[in-house]
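In what follows, a structure is listed as structure tokens, so that the remarks can point back to it.
As written, the chains take the letters A, B, C, D, E and F, and residue 1 is the first residue of each chain.
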Amino acid sequence: MRPSGRAPDEMRAITIETGYTKHAEGSCLIGFGDTKVLCTASVEERLPPWLRGKGQGWVTGEYSMLPRATHTRGSREAARGKQSGRTQEIQRLIGRSLRAVVDMEKLGERQITLDCDVIQADGGTRTASISGAWIALRLAVNGLMKQGLIKNDPITGKIAAISCGIFQGTPVLDLDYEEDSNADADANFVLIEGGQIAEVQATAEGATYDEEGLLRLLRLANMGCDQIFTAQDEASH
Amino acid sequence: MRPSGRAPDEMRAITIETGYTKHAEGSCLIGFGDTKVLCTASVEERLPPWLRGKGQGWVTGEYSMLPRATHTRGSREAARGKQSGRTQEIQRLIGRSLRAVVDMEKLGERQITLDCDVIQADGGTRTASISGAWIALRLAVNGLMKQGLIKNDPITGKIAAISCGIFQGTPVLDLDYEEDSNADADANFVLIEGGQIAEVQATAEGATYDEEGLLRLLRLANMGCDQIFTAQDEASH
Amino acid sequence: MRPSGRAPDEMRAITIETGYTKHAEGSCLIGFGDTKVLCTASVEERLPPWLRGKGQGWVTGEYSMLPRATHTRGSREAARGKQSGRTQEIQRLIGRSLRAVVDMEKLGERQITLDCDVIQADGGTRTASISGAWIALRLAVNGLMKQGLIKNDPITGKIAAISCGIFQGTPVLDLDYEEDSNADADANFVLIEGGQIAEVQATAEGATYDEEGLLRLLRLANMGCDQIFTAQDEASH
Amino acid sequence: MRPSGRAPDEMRAITIETGYTKHAEGSCLIGFGDTKVLCTASVEERLPPWLRGKGQGWVTGEYSMLPRATHTRGSREAARGKQSGRTQEIQRLIGRSLRAVVDMEKLGERQITLDCDVIQADGGTRTASISGAWIALRLAVNGLMKQGLIKNDPITGKIAAISCGIFQGTPVLDLDYEEDSNADADANFVLIEGGQIAEVQATAEGATYDEEGLLRLLRLANMGCDQIFTAQDEASH
Amino acid sequence: MRPSGRAPDEMRAITIETGYTKHAEGSCLIGFGDTKVLCTASVEERLPPWLRGKGQGWVTGEYSMLPRATHTRGSREAARGKQSGRTQEIQRLIGRSLRAVVDMEKLGERQITLDCDVIQADGGTRTASISGAWIALRLAVNGLMKQGLIKNDPITGKIAAISCGIFQGTPVLDLDYEEDSNADADANFVLIEGGQIAEVQATAEGATYDEEGLLRLLRLANMGCDQIFTAQDEASH
Amino acid sequence: MRPSGRAPDEMRAITIETGYTKHAEGSCLIGFGDTKVLCTASVEERLPPWLRGKGQGWVTGEYSMLPRATHTRGSREAARGKQSGRTQEIQRLIGRSLRAVVDMEKLGERQITLDCDVIQADGGTRTASISGAWIALRLAVNGLMKQGLIKNDPITGKIAAISCGIFQGTPVLDLDYEEDSNADADANFVLIEGGQIAEVQATAEGATYDEEGLLRLLRLANMGCDQIFTAQDEASH
């Protein structure tokens, strides 16, 4: 039995509020139950030095948690003077995932930064970030195309992410904080609409799992991402 | 004529949504027009080393802007590895202002941190932070009193803040970004309900002002803060 | 009764030794009683990147306390690896104040940096810094004009700063350390010769003050700055 | 055809030189072809503050590349003043992997740090680090047991890691630098002797893969780790 | 011929003003010609953690140049966020030199920090720092003895430092900036009254020197330090 | 009697393994007894900004100890976020020493970085670094000449370094860790083949020494360096 009473393959409610901030070229507040992440896409007509003059663009991600997004207050990374290893790991994942569905030449010589700021955390913040960042990116690119700055759509598909895990011996979908803290194994899947895998990050904590276990988690993730793809579709039209 | 069409002594609409995040002991999303700040109060039964064992508590503030709260994306302070002078100046102001209305002995040996994170910026983020932080603090202290952890209310009064300035020769109340960028002089007032001044930060940019000008700005601020005190009252009951 | 035996509107002795260091284009050691600040003006024919090619110059300030300027030794900011919020706040104030009396186009495409290093501290180091920095700036600009590098004087007036406060219920002028540590309210005024206000930073600590109180402090500040303007005049001829 | 001429399921030569440094409680220089990593295990009878007094120990990892381990010289992280996101990600992985096979209570209140310093890099440095770190750990624990400081062996099994990828359409085992730079997908597997998975980190770069692809990579990884387990066994007796 | 017209074995004028700052337990402004260093000794009844409870004290040094101590303005180390290698090298030398003439057990469980801040630089700032720091230390220890906090004098002798070099083929004493910039070889000697050597740091720049050259420089240094010992004697009585 | 049983003028065994890493343009693992340092020379056709376009090259050094090179594990400088004063002092010495035997104009507009990473420490790591760096430099320059990138050999001579000290009253050559920790005085000499001195760094710890003592140490150093020159010669042919 899951603490939330959900069935093993049941997602939390997905909520998406697009246009959450007025300055960003694309934005949404995405929620998976009590996890809330503000995702913004910022377009800059300026590339990092190592990419200039190569006829292509770049997509990158940044991630942060507000200090009191969590049960107990965490110290502010800006005050500590450095980003944690966890933060850096997550923002590298966000950028890599989004780049998997963007044609950099079609994007042209510009950079889009996807900022994912966790307003409230209840498990699954990195996967919510990726799923929401895609919407912000989609909206920003729509804007660029409407203005005629981009001719051909550089976005090659939808991408979404979800966590699965083995909780008290049962594979379950979309872990919340309570499950995540007590899961035997925890895996984040980044999937592309149509059945392709962009990224798997599976970690055994305490227990381990075998090939069969990994497959069962992957299949749950496929079910979950299908629901996210539908929600992304509705939100970005 | 103000760009927004407001009268010189007209505030922007104040919006307050309390309980915005579920983990913080007190929280609100406060808006002054398009300026939106998430204020949370976090109670910790742990004091900074220099205050331990003195029979009193502490109140402190932290401030940050989300990278895309502004017209163009600003770099993330956590990524740059340090907080700007502006950020530090503002968070010192927030803490000092709130401490002006708290009796530290009645608070007891605990610390309350007021995190003010700007979700969207359109001028006046530091004054919105102070005004919203008071609500988050009030809600957190209400909770401590309801739980019987504090006997006597340590909050000695209401505090609010507003910016005024001289725009095209006319003193105006509650500057938005467009006015702020073009004002001849800019002053932030932190006022305590009942007519006392907690803090004045008045800066001439380009033009300067004389004693008479300072007084006219102070009187506008008094009018503005009266409206904020009413809104605080409604929000924290 | 003030600890120093001074009358409420009595300044400490002002001492100014110009040409204190041989390398700087302008310099002075300014003293307000036991507070001693070395102010140097350094002219560089090089602008920060964001100002290049705009046909104007820039004036900026830096501030530091020697570790043993104070009663007990403070740790060296260079060793700690960052400047405190207080230091940054003060150096921003110094730069802003001096810029209020400089015409950047007449200055031409060069930068003048005003370094204010506190040799000995006894209250009022930031206001002494501003008052002394003006002298260093004046001397440096005199030199540039003598060399024919600047045609028209870019300095539009004199600027000075002084702290006032409410000490045991009485408004007093030019607080020393003992008064500053025990004042109910503390205000720094940056004034321009002729009665204009460039900056007010007034903070209530413990007690607060009302409109009347603010005005009384401002009037004391006007008296104090008049004496500083006279001293600046004598020192820079 | 692989650039090295190896068969798709062919590992590079594994070389292990134990006792490579005289000070560490356990050490080896492990090589996978031209990739050489010095792994040392340092035992300290001192725990991080958050673990003290809980009757258990801790295992952690650190990772670094010598500046000229690579084709072109990289700047030294100590000189830059921070560790890259990549370094932090890898050292978190090393620590997590080794902890998966250690019983922290049997280890007792001590910390073992596994330092993995890459002397020469030719692909697969993180997986070589994990595989070598296990040997260093094994040797250090053997020493603690010989000295009677630990009664019951805290190491619950062998752990090894290997990278696999899809190179020009073919799944291949143990990628070298040339393959790694050009692979369509790249996956690192951390496996426990006996068929359990501790960690999967699979990333599609450019191309993506499906469930079938992931399984084929996992099976290659199982073959590779079996060879590493044998080598670990020989080296640590 | 030396640029200054001095004879090869002629020192610059030594000036010493003791009690330069009122807060420090010992202080002097020492000058060697145009090189001016403010040296303060701060006594703290608190030791670094690694020395506590060992029945002995500690002496340490810190060094900094004011940004405009030099011909062209140098950036402030506190603003850059780290001390340069040169600064660290010099402050390690200052501490080591002074410790050579202090009996740490007689000093008792306290730390004396010698801050050497260069007000104006014209060559030889590190040697002036050491020579002046001894005076500040002597004065601080005199104070501790007068207060009865120390019974037996912990200072075992006088220490002084001077630079020598080979300038246009001739060994010369007490290099000023112009000579230092053009010297073929440059050596700093830290000598103890009575003919003992505490430290030699000799560097060939461009040219090199042989045993004979080193000896000639050492003999010049002995002559110079004798004059400094006399000046220290006069200053600290 | 020396702890190692060596005669006062007896060096430890010198071992040199050239070509230790395949990527560096020149490399060796140099050993003085149990002290082992990996020295690599990296050639870059890119100069630091302040040297560009001056028709000359540059040689610089970097130094680091692996965390467990020593008896007890030291924390990693990259993790601490800064290099220690000791590290910076040593790498400045390495660069300065090597530059003493390179004609920068003949080197041409390129930079050679000498990385000295201590694999195992047993005293004398900085002198081993200099002696080994010369070999790495020699090999890298040989390569540049073979490729025709440099016409005339820019290396003007051999340079080597060794430590000497006074141990229990006797001057001894090539101190190991046990001697170094207990020596009364410690001196590092950097000598150029043919009898010239490039650098002396002599420090008295506890005891001091006089002119005669310094000379005896210098003569021992000359004997030691002669052996190193021979070993360098054999290694770089």
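In this section, contacts are C-beta pairs under 8 Å (C-beta built on N, C-alpha and C of every residue); 3 or more make two chains touch, one makes a residue touch a chain.
Owing to the predicted nature of the structure, the values given are computational and were not obtained by experimental measurement.
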item	value
Any chain in contact with subunit C as well as subunit F	E
Length of the line joining the C-alpha centres of subunit A and subunit D, rounded to whole Å	28
Rounded Å distance between subunit B and subunit D, as computed from the means of their C-alpha atoms	50
Euclidean distance of C-alpha centroids - subunit D vs subunit F, Å	33
Contacts with 2+ other chains: residues of subunit E	81-83
Chain-level touch network, classified as line, ring, star, complete or other	ring
Circular arrangement of chains, read from subunit A onward through subunit B	A, B, C, E, F, D
Residue numbers on subunit B that touch subunit A, as the complex places them	21-24, 27, 34, 38, 40, 42, 44, 62, 64, 66-73, 76-79, 81-83, 87, 113, 115, 117, 119-121
Of all residues in subunit E, those that touch subunit F in their complex	82-86, 88-89, 91-92, 96, 100, 187, 192, 195-204, 208-211, 213-215, 218
